[in-house]
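Note that the chains take the letters A, B, C, D, E and F in the order they are written out, and that residue 1 is the start of every chain.
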Amino acid sequence: MKNLTADRVRQLADYYTAEIARLADRPLRLMEVCGTHTVAIFKAGIRQLLPEQVELVSGPGCPVCVTPNDYLDTAIAYSRQSGVIIATFGDMLRVPGSSSSLMQEKARGADIRIVYSPLDSLAIARAHPDKRVIFLAVGFETTAPTTAAAILAAEQAGIDNFFVLTSHKLVPPALRALLTAGGAGVRVDGLLLPGHVCTVTGLAPFRFLAEECGTPAVVAGFEALDILQAVYMLVKQIRAGVARLENQYARVVRPEGNPAAQAALAKVYGEVDAAWRGIGVIPASGLGVREEYARFDARYVLGVDVEPTREAAGCRCGEVLRGVIKPPACPLFGRACTSDHPVGACMVSVEGACAAWYKYGAGRWQF
Amino acid sequence: MKNLTADRVRQLADYYTAEIARLADRPLRLMEVCGTHTVAIFKAGIRQLLPEQVELVSGPGCPVCVTPNDYLDTAIAYSRQSGVIIATFGDMLRVPGSSSSLMQEKARGADIRIVYSPLDSLAIARAHPDKRVIFLAVGFETTAPTTAAAILAAEQAGIDNFFVLTSHKLVPPALRALLTAGGAGVRVDGLLLPGHVCTVTGLAPFRFLAEECGTPAVVAGFEALDILQAVYMLVKQIRAGVARLENQYARVVRPEGNPAAQAALAKVYGEVDAAWRGIGVIPASGLGVREEYARFDARYVLGVDVEPTREAAGCRCGEVLRGVIKPPACPLFGRACTSDHPVGACMVSVEGACAAWYKYGAGRWQF
Amino acid sequence: MSERIQLAHGSGGKLSHDLVREVMLPAFANAALAEMHDGAKVTAGGARLAFTTDSYVVKPLFFAGGDIGKLAVCGTVNDLAMTGAVPLYLSAGFIIEEGFAIDDLRRIVVSMRRAADEAGVAIVTGDTKVVEKGAVDGLYINTAGVGVLLDGVDISPRRVRPGQDIILSGPIGDHAIAIMSERHGLTLPASVTSDCAPLAGLVKAILTAVPDGVAVLRDPTRGGIATTLNEIASQAQVGIFLDETAIPVRPAVQAVCEILGFDPLYLANEGKMLVFVEQVFTEQVLNIMNAHPYGREARVIGRVTAQPAGQVGLRTAIGGMRLLDMLVGDQLPRIC
Amino acid sequence: MSERIQLAHGSGGKLSHDLVREVMLPAFANAALAEMHDGAKVTAGGARLAFTTDSYVVKPLFFAGGDIGKLAVCGTVNDLAMTGAVPLYLSAGFIIEEGFAIDDLRRIVVSMRRAADEAGVAIVTGDTKVVEKGAVDGLYINTAGVGVLLDGVDISPRRVRPGQDIILSGPIGDHAIAIMSERHGLTLPASVTSDCAPLAGLVKAILTAVPDGVAVLRDPTRGGIATTLNEIASQAQVGIFLDETAIPVRPAVQAVCEILGFDPLYLANEGKMLVFVEQVFTEQVLNIMNAHPYGREARVIGRVTAQPAGQVGLRTAIGGMRLLDMLVGDQLPRIC
Amino acid sequence: MCLAVPAVILSRQDMLATVSVSGVTRQVSLMLLPEAQVGDYVLIHAGFAIQTIDAEEARRTLELFKELEKYEEFNG
Amino acid sequence: MCLAVPAVILSRQDMLATVSVSGVTRQVSLMLLPEAQVGDYVLIHAGFAIQTIDAEEARRTLELFKELEKYEEFNG
C-alpha cells in the first residue's frame, strides 16, 4: 500500500470511516488486542476519525505491560551480578520493577546492551567469552520463535555463555481467559487480532473466538488503512449479526502460519502456566524452556537472589490491560503518572495504553 | 638542614666551594654513583660551582638506565595479556623497550597503574581478585626490601593474584666491576656513595673500595650542602693522599645498616648474576626470588612470549653509565635524542645522566 | 527529579528541559540565559552579539556526510545563525582519550577548517585536554561561537503570532539516520548522508531580504522537529498545527525508522531549520530558500494558531488528528 | 610526532606545544590563533573583544579549596583577564556520565554561580550532554568566555623587553598539590588548599593604574611557572633570569613534592599570575598587588634579559645556575 | 512487541540473507523461513524473516478497496 | 631510584604508622623498621619507613659546618 498516493490514501480513509459510521447503528466496543495496533491507531489519529458509537479499547497485547514485576526484578538482580551482560530489546529498559529499572541499573554501572535481535545477543556472547550474556526473552508468538532460533544457533555454534530469561506469552489463552472470565469479563463486540502473531500461528488457534465465544474477529495488518479496513470488516459482521474469523492481512497471514517458526518454537519451548499482570495465572499461556535446552535457561543454571515483589501503589494497569477501564479513569493518569514520571508499566511501555493515551492526546484529542 | 636560613645556606655553599677549589690541586674525576645524586647535583647547579679541575661524572646508579631492554619487553608483553594489571613506579613508564614503552601500551589500552609503593600494588590486587597484578620490581638495595616486604605481606594476607617481575640490582658488585675491569675501567679519583642504599646495607659492603681498590669514598646525603660537603671530604682525602670510606650521611646511615630490611630481603631474595646495560653480566649483582616464594615470581608462574630484544641504534648509554663518556660526547645527544624524543634509557629516565645534562643545561651551563 | 543523571537528561526532551529548568537556570539566573534560545544575545563594548556553545559527543566520529569536526562547527554556527546573527568566531575545546590516532585528529581538524571556511567563521582560540584511556570515549569537541546580531532583526519566541507560517528547510532525519545506521548494522543507500551543513549563509540571505518578517528560526537538532516545535509552542504560548503529509522524509529514512521503531519527527537534524514567518512574506522566503543549496526542498509544513496554547497537533495522512508531544527519553531501537 | 595521543599531549608541556603547532595551527591558521595567547583578541561589531575557551577534566571533582565548577569559571575568567580584558560572559558546556549524582551537579553549578558573581561575569548560554556509563569519567565542563579589552592596554609577548621585572602573585603549586594529595593518599594541613580564584579584579586594578607599563600577564596553569616562562621567553626571544630563593613555595607543597618526586616549578596554579612589568612601574604594581587579597604575597622573582634568547635560567639556593626547561610529559609520582 | 517490516531479498548465503527496505540493506536470518528465495518479499521481525509476502493477496487487499468505486459513484 | 624524605611518626597501629612531613600526613609501613616509636624522625621510601634519623648525628653534620667559622674569621 506504500504505492498509494497521499490523495488516494485520504480518499480510502474517508470511505472507510464513512462506511463505519453508516454501519454502526449501536455503541460498539472493539478491542485491539495487540500493542503495536494500539500505537498505530493513536499515531494515525484513527480514534478521532471513528464515530462516537465505535470505541476502540486496548487489550492485553503489550508484552512489556503484562509481564509482572518479578520478571523485571529477576533481570535487575542478574544485572547486578558481576560478569553478567544483560541483552534486551529497547522496550524493556525503562519498565519499572519493584524498586528499580534496567535503565537505572545501567546508570549505576550494570552492563546492559540494547539489541535489535536475539542474534545480536549471541554475537555479544561470542565477543565476551568471559562474561555471561543473558537475553531477556519477552514477547508473543511473533517473537518467541526468534528466541528459539537463537538458542538453536547457540547450540550449533557451541556457545556456552548465552542464556535466556524467558517470559514469552501466548495470545489465544489470554483472550480465552478475558472473554470467558466468570462475570468479570468485559463486553467486547469484536476483536482486531494481532497480524504478526497470526503470521506465525496461523488462524486455527483463534477460531474459538467466533466459534465458541461468538465474537467477531478480524486479523489485521498495521498500516492505518489496514486497521480502518479491519474495523470496517468487524462492523459489517456485527451489522450482519454474524461472528466469523476473517483475515484482512492475507498478504502475510496464511491459514497454516509459519511451520518452520512453529517447529523451532516447539523444539525449544513447551507450554507452561504463566502470570499476566491484571489477569493472573492463565493455564498454558506461557512458554518454558524444555529440559533438553535447560542449560540455556538463566533461571535453571544461574542462581540469583530476587527482592520481594511490590506492585506500584494505586496503579490500575491490571484493569487497563483487561479493557475494563480506559487510562483516564485511573486517578493517577496525567497527574502522578506521566510519560516522564511513569508509575505503571502501561505508561512506560511504548505500546502501553496509558502511554499512548498520554502521548498522543487523551480521549478524542482535537486541535 | 631545613632550618638553615637562605643566607646561611649560601654562606656554607660558598665556604665549601672555596675550600674545594683551594684543595683540588690537580684535575679530579669524582663519580656520583647514585642517579638521585645526579639529579640533585644538576638541580642545585653544583657542577657550575665547582672549579674546572673538579669534574663530576655519573655512574651506573640509575636503575632504570641499567635495566636491559628485555626486562621492559617482558613487562610490555605481560601488559598485553588480557586480565593483567601492571603496577609500576612512574619512573618506568616512558622507558623504551625494543619496540614500545609502557606509556605507549597504556595509550593502546593496557591496564597500567602508577604506584608509589609496592604496597599500592597489593591493594590493587586485593581490589581486583579477577585480575593478575604484576608489580615491576626495579631498584637497588634501598627499594628491594620494600618489594620483599610486599611479598611477605601478600603471603600473610593470602593474596594469590599478586606477582613481581624483578630486576632489583646490587650496587657494590657493579662498582667492583667498574673499578677492576681489566684495562677498560675508567679513572675515578673518588666516589660519592649512595646514601640511601647504605641506609639499608650499612658500610661493610663498600669497604673494599678504599681497602682493595684504593679509591677514596664518601657516603653522601642528598641536600645540596650534603653533596658539597661530601665532595669537600673527598677532595680532602685526595689532597692528603689517603683512601678511606667516610660517612657524611651519618644522621641516617648506620655502619650496620637496617637489619630488619636486610632480613626481609634475605628471606625473599637471593643473589643472582645480572645483566647491566653497558657493563654486561656481573656475577651476584642482582636479586632473584627464592624458590619458597616462586609463586609470586611472574617469570616463574606466568608464561609470556617476549619479542627479540633490540637495543636503540647509535645510543651510547653503556659508555655513559660507566662514566667513559659524558652525554654530549654521544653524537645523538640534543639532536636525534632529546627529552621529548629520547633514544636511550639514559635520556628518558629522570635520573639518567643524558636527561640531566639535557634538561638542566649541558656542560657548565651559564646564564 | 530522579537522583541520578540518566541518558534522557541529555536527549533534548522533557528530562533535558527539567534539568535545565530545575538545576541550571536557578543557579545561573540571568536574562540572557532565561530566553533559552539556541544562543544568548548580549552586548559588549557597544556591540550586539550572539554567544552560544555546544559539546559534540557523536559516535561514530566519522559518518556518511560528515564527522564530529564538521558537526562541531556547523552546530555552533547554526545556533548563532538561529539567533539572527552573522557568526564570526569559534573556539574549539578538544577532550581526547589517550591512545587516539593523531591521523584521525588531523582529519577532524581539517574538516573543521573546511566547514569554518564555508560558514565564514574563524577558529580563533582553543584548548586540548588529554585524559586517561577509558576516561572519555575517543574524542569530544566543544565549540563556542560569537556572532554579530543583524541590524533590524529580532528573532524571539515573543514574536510568534497566530497566522504565521512554519517553513521547514528540507527532509528530516538524515543526520540521525546516518549515525544510527552505522550503530545498528544497517547500510544506507549512498544517496542518504548526514545533512550536516552550516546555515549561516541561508539565514543571512533570508534576514537581509526580510529583516522583520521572521519571528523565529530554530534548528531542530536533538529531539527533532517535534521537540523544537513543542519548545516554541510553549515559549510563545501558541498552538502549532502541522500537516503530516507536508513533512518531507526520505524513503530510506522512513525505512530505518520502521526497522528500528523510530519516529522521524523526533530524529536529530544538523543542517535543517524551521522558519516562523509572517504569511505575507512566506512566498518571498520560500523563493529565497528554494534558490539556496540548503533550502532547495523547503516547504510550509504548518502554521501557528491561537489554541491550544503550548501544544503541537498533527493532521495525519489519513486525516486523523493527534497531539505531537515532546520526546521523553532517547528513542531506543525497539521491536514493538 | 608519535602516531597516537599520549597523556603528555595534554599536559601543557613540549608535546602539547608540538600538537598545537603541528596539527591545530596549520589547520585553523589565522592571526588571532597564531598569537597562542591565553585568549584570542578579535573585533566584532566595532568592539575589541577577548575570546577564550578551556575544558576542565579535573579529578577529583571536589577538592580542598574548590571544585570543578569553580575551576571552570576561574580558569576562563583568568584567561580573559590575562589578555587585558574585562571578562563579561561565559558559556558552560557539560558532558555528564549517565549515573552522575544530580546533587553533585547542583553543588557544582552553585559553585560556578558563586565564582561568576565574584568575577563579575554572567553565564549566559550552555549545553548539557549525557553520555553512556563509561564514556566519560563523571563530569567534564567546558567554558568559553568573552570579554572587552581594556582601552590603552596592549598585552603581548611582543612587548617583553630586557630589563623588565617579573612579578609572581603568590606561592606556587597549591592547586596541583590539593589535587595530587587526594589522588595519592596524602592528607594536607587544613591551611593548604587550591588557590583557584578569579583574578579579573586584580588585573583590572593593575591595568587601570598602569595601562601601558605591563607587557605580559600570564596565569601559570598546566606546566607551572617553568612552562609559562619558557613560552614567553620563546615567544619574545628573550632570556629570563629567576632567583630560586625568591619563588615562594609553602612548606606543605614542598613536602608533597619531595614525597612524590615533583618539582614545584612545574605544578599547576589556578589563582596565580606572572606580570612582566617595566622596572619603573614595579613598585607601583607590587603595591597594588599586595593590597589585593589575591596578590598579598606577590614579589619579584626574576627579570628579563637579552640573552640567552628563548631560555630560562635559575639561580639556585646555593648560588648555582641552571637551565629551567619546559616540562616534557606529565609529572609522574616517582621514587627516584 | 510485533513491529515487522517488508523487505526484498537481494542475496542469500546459507541461512543469511541480505535484504533491502527502500534501499536500506541489512542482514537477516532465514532460520525461520528456510525456503525464501532471492527476489522474494519477506516480513522481517527482530532480525529474522518470518514470512513471505504474497503479491497476489496484497493485490487482493487493494481490490477490497475496490468497494470504494461504488462509494465514489455514489458520492460523485 | 632512591628518593626518600624525613618524616615524624604521629601515631602507630601495629605495623602502620601515620607520619607527617611539614604537616602533610600519610600512612607508611613499619615492616622494615619495626622498632620505630611515635615521635621518631624516620626516613620514608616507597611507602616504608627505612631508618630512624639520628638527631645527634644531624647536629654533628651541622658541626662539621663549624669549620666555616675559621673561614669566616679568615675572610673577615
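Just so we're on the same page, contacts are C-beta pairs under 8 Å (C-beta built on N, C-alpha and C of every residue); 3 or more make two chains touch, one makes a residue touch a chain.
The model shown is predicted, which means the values in this text are computed figures rather than measured ones.
Colleague: Looking at the contacts, which chains touch chain A and chain E alike?
Modeller: Chains touching both chain A and chain E: C.
Colleague: Taking contacts as defined above, which has more of them, A-C or C-E?
Modeller: It is A-C, judged by the count of C-beta pairs in contact.
Colleague: Which chain's mean C-alpha position is the greatest distance from chain D's?
Modeller: E
Colleague: Report the chain whose mean Cα position is at the greatest distance from that of chain A.
Modeller: The chain farthest from chain A, judged by C-alpha centres, is F.
Colleague: Suppose you list every residue number at the chain C-chain D interface; are over half of them used by both chains (same) or under half (different)?
Modeller: Interface between chain C and chain D is built from largely the same residues.
Colleague: Express in whole angstrom the distance between the two chain centres, defined as the mean CA positions of chain D and chain F.
Modeller: Chain D and chain F have C-alpha centres separated by 35 Å.
Colleague: Which integer distance in Å separates the CA centroid of chain B from that of chain C?
Modeller: 59
Colleague: As a quick test, compute the distance in whole Å between the mean CA positions of chain A and chain F.
Modeller: So the centroids are 74 Å from each other.
Colleague: If you look at chain F, which of its residues touch at least two other chains?
Modeller: 1-3, 45-46
Colleague: Give the residues of chain D that touch two or more other chains, as numbers and ranges in rising order.
Modeller: Touching at least two other chains: 2, 4-7, 98-99, 261, 334-336.
Colleague: Which residue numbers or ranges of chain A touch two or more of the other chains?
Modeller: In chain A, 35-36, 62-64, 89, 91, 107-108, 116, 139, 143, 225, 351 touch at least two other chains.
Colleague: Which residues of chain A touch chain C in the complex?
Modeller: Going by the criterion above, the answer is residues 6, 9-10, 13-14, 35-36, 39, 42-49, 62-64, 89-91, 93-94, 103-104, 107-108, 114, 116, 139, 143, 224-225, 228, 339-340, 349-351, 358-361, 365-367.
Colleague: Which bits of chain B are touching chain C when the two form their complex?
Modeller: Touching chain C: residues 106-109 of chain B.
Colleague: Which residues of chain C touch chain B once you look at their complex with the stated criterion?
Modeller: Going by the criterion above, the answer is residues 98-99, 133.
Colleague: Help me check something: in the complex, which residues belonging to chain C touch chain A?
Modeller: 2, 4-7, 14-15, 18, 184, 239, 241, 245, 260-261, 263, 305, 308, 313-323, 325, 328-329, 332-336
Colleague: What part of chain A is in contact with chain E in the complex they form?
Modeller: Chain A reaches chain E through residues 1, 11-12, 15, 18-19, 34-36, 62-64, 89, 91, 116-120, 138-140, 142-143, 145-146, 149, 152-153, 194-197, 199-200, 221-222, 225-226, 229, 248-254, 258, 260-261, 264, 351.
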